[in-house]
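Next, two complexes with chain A in common: one pairs it with chain B, the other with chain C.
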Partner chain A sequence: IFKISNMKLILHNMLTSAMIKGVKKGYPLLLRATKVELQPVEFDAGFVVHMLPRLDWSGVTAAVQCLNQLDLLQDPLPELPPTVPDDYANNEDFLRKAHIALMQLDVIEGCLVCPETGREFPIAKGIPNMLINDNEAA
Partner chain B sequence: MASRPESSLPPELYYDDKEAKKYTQNSRIIQIQSEMSERAIELLSLPEDPTIRSSLLVLDVGCGSGISGAALTEAGLNWFGVDISSSMLEIALENEVEGGLARCDIGHGLPFRAGCFDAVVSVSALQWLAYSDRSTANPIRRQRAFFTSLYACMSVGARAVLQFYPADELQLQLLLNSAMSCGFTGGLVTDYPESAKARKHFLVLDTAGTRPMPAAQDEAGGRHSTKQQQPMRKGSKAWIMRKKEQYRRKNPDSKALPSDSKYTGRKRKPRF
Partner chain C sequence: APVQPLVRNRKQLESLLQQVPTFANPQSRWEQYATPGEVAASWLYDAKMRWNCFTAEQSVLDLGCGPGALMTGCLALGSGYVCGVDIDSDSLDLCRSNLMELFSPGNDDDDNDVSANWDLLQADVTRLSAGLVHQRQFDVVVTNPPFGTYSDAKLSHKSNSNRRNKKAGQSTSSKGIDIAFLEAGIAASCGLVFSLHKTATMPFVMHRARQACARKLMSSDDVASAMVEGRDYSVSQVANLRYNLNRSYNHHLKESKDIEVSILEVAFLR
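What follows is the complex of A and B.
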């Protein structure tokens, strides 16, 4: 069970701006973080293995690169391979690295940006605000 | 009887800091919401094995102050919650809930990619979709947007259990119709159907068609199989009876209508 409600990369990976009229895909949302924190979260291999097939992996690696470039952390996040290895279900080394990136990195402040419209969704107190106006809705 | 919250203000304005505080302080509200959350989780019929449960991801629609989220955590499940009210989400943060949170308007469609969630719960949230306070918002359109996006973001074979408080039979049927027209199988499960005060409605929606509907609870605490309530199809016996009843009410002295018998609305032999 993961603790604390701040936005983690696993949530970021699932969010989309597709509810906006005209948006075809709406992910991955560009991550412009201004405040992040690393939180200890118990490693649950079963959860990571179960979630991996659902993730847009290129979105995960892009977010990690983006965050490492922003240099907001004391130590950079571990580097992730460009594709998920075939033996991921048994590759504990890979699963632990994925766990750190997906579950332990909290985005507290910043914003998410729709890749197609540039529309911004602010993140405050770790909660992304995905509200849109009625006239923006599909 | 007190007027319903939904008839006064939209949820993002109704749940201000003062109202949201009740969800931390009023033990009766908390108790009722907790019980309904536990019942909704029960209706999900997920495997009991805690190792399986801790690998799943559940969506909590209208998570509010985190009462249902606490029940999900207690049940060994990971979850993300969405809500429209910033005040309620603040309370959830204060309560240190153990799930991810996001703010959104479910009537615009959920902001999630396809196939993310193994299960979905909702406690006392969907009735807000029955109302429209803004001229630009159409309740039916909002319901369709919600249910379509809900179906999409659920994984194959996932189930959604959505408890809600319809104001009347019409609202209930409209919501049920909106849900069933978006690809789900399943229907309505009503606990304690005989009691107007105690009755609780749960929309149980499956993305794959082969699961049996769970049993509803009745007064005696026993479980019995309720026939799942399908939306009233035009031409069905229930529809015929309703139409006859409407006519009788409008024309109490008329003798034009045939009286009801065992032949009323009976299935006829196909002639073609």
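What follows is the complex of A and C.
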């Protein structure tokens, strides 16, 4: 039995709708998930420490908030601090929580929504579709 | 017995990548051709030896991932996270099933449970930079882009089938698309970019790579300054290979043909 493997919040963290004409920032995309699953991904502190400086933490907290509100999981995702702690590189408790959010939660079905225009980007089988029409392009 | 996803040497990598199922019906409108297993293996293994990249803490982006030979290689070499981007739904379906076959957390069939972290994204690579929140998010970008040999004129000559197949928002122009992929890769990388191009086009491609790097600013604490080749980045031609394009395209050559390709390496040194 194969477990599904996507879409991770690390990818959600990077995506915007700013390629659409008129959108100023398009971030973070609202996460309107309909099917999610928590996966047993092995914790890797080194990966999180290395990636964290390149991520937008506000996007992570927004995504976790969205998901906890949707109440799709048996247990809500661990609560994340509003900012990354200064000692994050040595703070295993924080790194584990960040890892769960970024790498262990799969958004399998649903959509991403532009916060400025409401334009929806579907997620099917864990793959988000960010294609736009030519007449939408900036 | 199932193939071992993790590899210890070049031969194992080649063996693994040669088994990645590929396109049944390559779509000429996207100039789809999968990277042959032995090309992908050689390419990635050499990169790993040169830079010790594809490590567990690193993230990798594959632009135009197709059925996923390069992604498979990057994961098999130990990359922490690999994201593949493609415009075509059928490619992504195939890639997803290939990756799930080999890398799946909690795959009970296998004694050696190898999990790997990957995502797929359906997007137009030529519009990708505008759609990502930051530049420089990936340690390594790999890409085997469409060669961009077909101009608008040639594609519209295919008229009826193309109009039927063309979905709204998908650009028909392939001119310069390999450069567009390269530029998207240079923007997305904070470390390395590897791309594959026809050898004959390499002088031009390298020129465009240098231009793109020079435009990419070094940002330090208070000053953003232009990057300097040699100090801040390097652009090199690191391999020359022979590549066989099969005769699947109905408007392509009647026979199978070898073309010469080269690998471009861009490295951000600081």
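Quick note on the criterion: the second predicted complex is superposed on the first by the 133 of 138 C-alpha atoms of A that agree within 3 Å, B and C clash if a C-alpha of one lies under 4 Å from a C-alpha of the other, contacts with A are read in each partner's own complex, and residues count from 1 in each chain.
Simple rule for what comes next: a residue touches a chain if its C-beta (ideal position, glycine included) is under 8 Å from a C-beta of that chain, and two chains touch if they have at least 3 such contacts.
In this text, all values refer to a predicted model and were calculated from it rather than measured experimentally.
Once chain A of one complex is fitted onto chain A of the other, the partner contacts of A:Met19 extend to both chain B and chain C. By the touch criterion defined above, A:Gln39 lies against chain C but remains apart from chain B after alignment on the C-alpha atoms of chain A. Within the superposed three-chain model, A:Gly110 lies out of touch with both chain B and chain C [touch as defined at top].
Contact with both chain B and chain C is seen for A:Ala137 once the two complexes are overlaid on the shared chain. Common to the chain B-facing and chain C-facing surfaces of chain A are residues 1-8, 10-11, 13-19, 27, 44, 46-47, 49-51, 54, 56, 125-132, 134, 137-138. The part of chain A that touches chain B in the complex is made up of residues 1-8, 10-11, 13-19, 27, 44, 46-47, 49-51, 54, 56, 125-132, 134-135, 137-138.
Chain B meets chain A in the complex at residues 51-52, 54-57, 73, 76-78, 80, 82, 84, 89, 92-93, 96-105, 108-113, 115-116, 134, 136-137, 145, 149, 155. In the complex of the two chains, the chain C residues touching chain A come out as 56-59, 80-81, 83, 87, 92-93, 96, 99-101, 103-108, 115, 117-124, 127, 130-134, 136-137, 139, 167-171, 190. Residue ranges on chain A touching chain C, taken from their complex, read 1-8, 10-11, 13-19, 27, 39-42, 44, 46-47, 49-51, 54-56, 59, 103, 125-134, 136-138.
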